[in-house]
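Per-chain residue numbering starts at 1, and chain names A, B, C and D are given in the order in which the chains are listed.
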Amino acid sequence: MINKKMPLNEFMALREEVLKQWVTGKEVDLSEAIAYQKAIKESKRFSFKLNQAVNDKVTLIQPRAGVALPHEHKKLLKVLQDEGGADLLPTTIDSYTRHNRYLEAQTGIDESIRTGKSLLNGFPAVNHGVGVCRDIVEYLDVPLQVRHGTPDARLLAEITLAGGFTSFEGGGISYNIPYGKNNSLEKTITDWQYVDRLVGYYEEQGITINREPFGPLTGTLVPPCISHSVAILESLLAAQQGCKCITVGYGQCGNQIQDIAAIRTLELLTKDYLNRFGYGDVRITTVFHQWMGGFPQDEAKAYAVIAWGAATAVLSGATKVIVKSPHEAFGVPTAEANANGLKTTKQLTAMLKDQVAFENPLIKEEMSIIEEETRCIMEAVLNLGNYDFGLSALRGFEAGLIDVPFAPAQCNANKALPARDNSGAVRFLDFGNLPFNDKLKDFHRKKLKERADTERRDVSFQMVIDDIYAVSKGHLVGRPR
Amino acid sequence: MINKKMPLNEFMALREEVLKQWVTGKEVDLSEAIAYQKAIKESKRFSFKLNQAVNDKVTLIQPRAGVALPHEHKKLLKVLQDEGGADLLPTTIDSYTRHNRYLEAQTGIDESIRTGKSLLNGFPAVNHGVGVCRDIVEYLDVPLQVRHGTPDARLLAEITLAGGFTSFEGGGISYNIPYGKNNSLEKTITDWQYVDRLVGYYEEQGITINREPFGPLTGTLVPPCISHSVAILESLLAAQQGCKCITVGYGQCGNQIQDIAAIRTLELLTKDYLNRFGYGDVRITTVFHQWMGGFPQDEAKAYAVIAWGAATAVLSGATKVIVKSPHEAFGVPTAEANANGLKTTKQLTAMLKDQVAFENPLIKEEMSIIEEETRCIMEAVLNLGNYDFGLSALRGFEAGLIDVPFAPAQCNANKALPARDNSGAVRFLDFGNLPFNDKLKDFHRKKLKERADTERRDVSFQMVIDDIYAVSKGHLVGRPR
Amino acid sequence: MGNTTVVIGVIGADVHAVGNRIIDYALRQADFNVVNLGVMVSQKEFVDAAIETKASAIFVSSLYGQGELDCRGFGDYCKEAGLNNVLLYVGGNLVIGKSEFAPVEAKFKAMGFHRVYPPGSDIAIGIEDLKADLGLGK
Amino acid sequence: MGNTTVVIGVIGADVHAVGNRIIDYALRQADFNVVNLGVMVSQKEFVDAAIETKASAIFVSSLYGQGELDCRGFGDYCKEAGLNNVLLYVGGNLVIGKSEFAPVEAKFKAMGFHRVYPPGSDIAIGIEDLKADLGLGK
């Protein structure tokens, strides 16, 4: 990890190594790639579309999607664009590629060809290489983003950016903690500084690549202050490497007041911290993820969850919304199911876009809670790391000052536990080592006591379990039944 | 029309006539019917379930449904109860019965038997008679309501109440104006006084039958003050005949602020007027109808509209919500499609029930607009009719002081024209003879001017047409494109 | 087209008035004479109006699902009344329930309608067809 | 059941940790010994742990869709390692995409699993089955 923009020569030396990780690495020629990116027209650039959305006050819609084989992948994305009306397209990467297991990914590709169906849960972009990526990007009319969950995404970034993608999701924290087990945080942050530096290099050449820290983390009862802290740290890290267009994200918790307050504070706080450290020129937009936890199996019920997410996204003023499908509880959706999720969402983003945003004392109150919590965490973390962003993240996680619920990563403390309060907002049942002041702790305790009293039971881990299942069983708060 | 509770002897004399209208009339024996109703257990009574919902602060869900043949109808309702999770069940009556064309209804029944599919758009309860109704009611576990659109529903009420239904929708205004062409308002009000008197009679015997004026009227851009005025007048008329349990309704307009304000003012104003005329003992609950205008054909989009209606219903605090299906744009839904609409709705009524209702200055503002508009209409109408409710309604419609947009009835002025403002709230583009004060008129004009300016066109009938199509085309406001 | 008359209305016990109002408006915008019988129109009222106004076409709407019962024999009835050259169009939600359109179209063509329109059809298409069928230029 | 051990884990490159945590909790509540290998567990790790702890059963979870590739040959591998009497259960979102369960079940049984569970299965059912298969009273 370093605490400054990586010097060009070091970066270039490192690139040599990275490009050797898989055979397709040699397809990347950076100056040719810059020229290629320069030729991509505005309407197919992420940064342009996001700006437009901000100006037009609309919320863009984007699915997740990826299959093993290029022609199938093209067909899929085309359906999502034409039928689903996606404003932005993804390319979701398969799990072998995410773990840099390119050999296994190759088996997956071969088997998929043999059996005629995708046996990978995403598109193995590294194996396919630069040319195939370009072919896909050229085939479509809207901007494309790489969405994955890759702790070491250096080669993936090289190949896909040379391949014409104009946005890249992830970060050294958000693609480690929820997405791995034994990855050192120091290494993933370092590797993502490389990715950010690459994006920074493109920026220096006049090409803006959008960067998007992964907001929802484990998708499971993550209180806003946790994901906000991660988003801010990753934004600082990215800005430091020269990224100028960042989209910070948040996964819907389900209580509309909390969700609206979360998106608003996410934008305000990220801008505030970027300003404070001299990155006031970075453009910040927001992404709202429709409910990321367990879904109801019934499709009619899944549509309800999707629609509620769409409505909240718009009313919160998010720049874009990531869309789920009615197949969510079962498996990777068919193109049709995926398009259906988009259509449900588009109907609401369009129907609600003219509606005045809610102004509401409860939202204000919730905003000040989230802001105070996030500042408590951020100040403690930055202090501990001497205002070195990477070090702060590292030490912050070590000390449990940031703690992501239900994360598989061993570098996460896993002591803090969330549960819903009586109105469904996500609070802390156990603070672990979160650096909250007494006032905040009292607030959370009071909120959970209210619920416990209503349910005539004690605050306990059973509540957490009940909350994990609640949405899939048709509720928000997991009440005893 | 009379302006007092109908004397018992007059009522009983009239009953003789009514029961002769069709052969099944002679199956009705009032004292036996009272005994039958007394034996129906609480959990199968509308009034009980509505009270419970008010106490528990939940929003109940109810579908529309009806087919020609009894065994098919039972099967259908059972699916909606068991699969769909309907809290309350309907029996929607076919259009021939609604127009007292029992002979044609009989042809419909016969043809349906012959072809093996329902050729009627509802259940012809009069033709089937008391015994069949009871059989249906007994087969199910939740309360049943008659839903129809019948200008002269006297015989239908006699048969279905003797048949064990515990709620009856409609009213002399709301089942005339949107549902007929040449029906005299005087006659329909008189005929509905009979229905209310019948319900009042049951009440005197200790049986509470819920009454529900039909809120949405033509379902097409009806501003709240219009449907509120009708609901208040019909509540007064019903209360006068002894009804004690009334559910007033409203059809979703689509702007959430206006919709929430509408449900709140509907309850407040109805109670206020009932109190003022000495009917403070009538229990008032509310029903929110999911979007009643043209639906999108695409099912994923229809789900979005349904879900948005469900969410708004809960956040408005309505006692129940009437549910649409994803087949709405095409035709009477299959049992499955109907159950799907219910499931989508239930997911949201359950997920949102714990969320604190929105308090919001915009809602307050909208409430005071709706209240002022409604009071303008009500005071003018009551004045014109010397505080005789029936006469007030009659003269009010004659004078165009109440004017329902797009109504087929010739007794409706059809001069007022609605259109959406810039944020999608329904306003008046033409006031016709609505008795609004200048302040209100200025408000509406200002609101429409705002929209016209945004769209760079004049306020005109084209806006109205665009608004009629908008939701089915994926928007709320019909902007030029 | 100012001297071409179209009779429009909603058949049977059907009261859906909104589409009717829009069809009225659209035909007038396209410069047709419109005789609008409104909602709840019987077969006889359609035919009488067409005879009386020397109409070139009848636009029947049926939304409420019972159109199959209401429209039976309409073609024959028109012929009997001597309306051999009058174009008969029908549209709306013609049958009960969501169903494939082809059989519905066949069914209504068998009843004597020249053109049949699926749910939610854009009225502009009906007007284009009418102009074509009547040999009127654009 | 305090002396009956179950090895649990999420196979392959799969990191879905939530269900694993709940299965852990539920098995302990039901008084089993639990050896939880967490996420991203290889076939070898499952087998080694089962041998080492003399486990009676292995609960394999696979959520991320690539279970079909990850679980191949698991039964044979267990047999080769001498785990003939160890019960092999598998559950989660086993294949890619929403699909009928019967063929999926057949496919995983052919790989040597004794029981196969569809998406979102209640873990309580798995525990009941385990007790039955092990002949343990309720």
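As a convention for this text, contacts are C-beta pairs under 8 Å (C-beta built on N, C-alpha and C of every residue); 3 or more make two chains touch, one makes a residue touch a chain.
Fair warning: this is a prediction, and the values are worked out from it, not measured in the lab.
When every chain is reduced to the mean of its CA atoms, the largest separation from chain B belongs to D. Chain centres here are Cα averages; for chain C and chain D they lie 65 Å apart. Centre-to-centre separation between chain A and chain B, using Cα means, comes to 45 Å. Chain centres here are Cα averages; for chain A and chain C they lie 54 Å apart. Chain centres here are Cα averages; for chain A and chain D they lie 30 Å apart. The set of chain A residues touching two or more other chains is empty. In chain C, no residue touches at least two other chains. If touching chains are joined by edges, the resulting network of the protein chains shown is an open path. Contact between chains, using the touch rule, shows up for A-B, A-D, B-C.
Put simply, chain D touches chain A in their complex at residues 12-18, 21-22, 25, 38-40, 64-66, 68-69, 93, 95-99, 119-120.
Residue ranges on chain B touching chain A, taken from their complex, read 254-257, 296, 298-301, 303-308, 310-311, 326, 339-348, 350-352, 354-356, 358-362, 422-424, 471, 474-477. For chain A in complex with chain D, the touching residues are 94-96, 98-99, 101, 104, 107-108, 111, 117-121, 149, 178-182, 218, 220, 294, 297, 327, 329-334, 337, 406-408, 461, 465, 468, 472.
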